[in-house]
Amino acid sequence: MGLTCAERLAELGLVLPPPPAPAAAYQPWDTLGDTVYTAGQLPIVDGALLRTGRLGDPLTTAEGAELAATAALNLLAVGAAAIGDLERLRVVKLTVFVASTPDFTEQHLVANGASELLAAVLGGHGVHARSAVGVSALPLGSPVEVEAVLTRH
Amino acid sequence: MGLTCAERLAELGLVLPPPPAPAAAYQPWDTLGDTVYTAGQLPIVDGALLRTGRLGDPLTTAEGAELAATAALNLLAVGAAAIGDLERLRVVKLTVFVASTPDFTEQHLVANGASELLAAVLGGHGVHARSAVGVSALPLGSPVEVEAVLTRH
Amino acid sequence: MGLTCAERLAELGLVLPPPPAPAAAYQPWDTLGDTVYTAGQLPIVDGALLRTGRLGDPLTTAEGAELAATAALNLLAVGAAAIGDLERLRVVKLTVFVASTPDFTEQHLVANGASELLAAVLGGHGVHARSAVGVSALPLGSPVEVEAVLTRH
């Protein structure tokens, strides 16, 4: 209702982190025409991974959803840097990889943590198509990894 | 030969299901320019997942391929709704996630169930680039999940 | 410095393999506008998979990185065929699937094998956004599978 994305972030008590520095062998995003492809984002805060381990054991669905939201906050930072303006960011497609024990089957509920944050901050422009899958392990032992296709609206 | 996609579907004894309703946190597809990104589709019929469990144990490759074909039928429904016309649908890229035991290595044969259905219904426009990977688990315990990049031809 | 991509390949002692033949149910790449989507590439040389098995057991990170580089060489072959000219190839997005034991967490280091080869051959046009994830198994028992979004520059 008239709030900017930056204001919605502040109401959620969140601060957009600085965009991640490019790693040695790849960069945080690349652009082709109107389409921005992001690198996979982890639940890293101030350079440190918040948790390690898999969903199912030891992490719960609620913990996973919070971690997914943190990864999505990093995605917003990448997107704002790529587009040049958080207010013009639109999320088109989200893929959520969830490190999972073989019997954990709530990847979609973990992914909701990311999806809901994006919609809370970006409004309708944060609503996207999505896949959520359970993987055996992720870099650095991260419980979740979130990548997106983004654009400017 | 001159058959429409709808006629090919009927010859296969298949009926296009209604497109899935948007879930709470995301939508079944999103469009950016000419490109349609779909959400991951599961082998759901009339709102119920046909099977649960992993390929390798207890599911066989043949069972997995059938389930992948059912997920691909849901993909056709999403695509027809997104494009507005099944007859104009083209499949560009398919990603097939297969819930797999660590020693199951026929993900490509499972994925053929989806690829072959798409080609049988859409003809040349159903032939696509593809990745098939084995994951540890999928939402709701689904054995397969199929997502696609689609366009209008 | 003024070297062509073909000359850089030769300096690395590498030869671009022939592009893979289309498989029965899908094709090695598909194009939508300026965007080329590749099929997932395996570390296959002369039609044979170099190794099978997972990272963590029995394969080491260094072995995985070499295998990822071989898969990336096949990706270059697909891209050169799709674009029609290796010298004009640009890599936009790379996804690296690494067959992993649940406690292997160096997927990003394995993926560097692919990323570094692409940059070594294509220069700045080989630098891309990237996701690396650990999966339970891959087709034919492959340790790695690499797919990309490519374009012409």
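Which chain is which? They are A, B and C, in the order written, and residues in each are numbered from 1.
Throughout what follows, a residue touches a chain if its C-beta (ideal position, glycine included) is under 8 Å from a C-beta of that chain, and two chains touch if they have at least 3 such contacts.
All of these numbers come straight from a predicted model, not from anything done at the bench.
When the CA atoms of chain A are superposed on chain B, the rotation angle comes to 120 degrees (nearest 5).
Residue numbering at the chain B/chain C interface overlaps only partly, since under half of the positions present are found in both copies.
Put simply, the C-alpha centre of chain B and that of chain C have 25 angstrom between them. Counting partner chains per residue, chain A has residues 33, 35, 101-102, 135-136 touching two or more of them.
Of all residues in chain C, only 33-35, 56, 92-94, 100-108, 111-112, 115-116, 119, 127-136, 149, 151 touch chain A in the complex they form. Those residues of chain C lying in contact with chain B across their complex are 23-33, 35, 37-40, 52, 54, 95, 97, 99, 101-102, 135-142, 145, 147.
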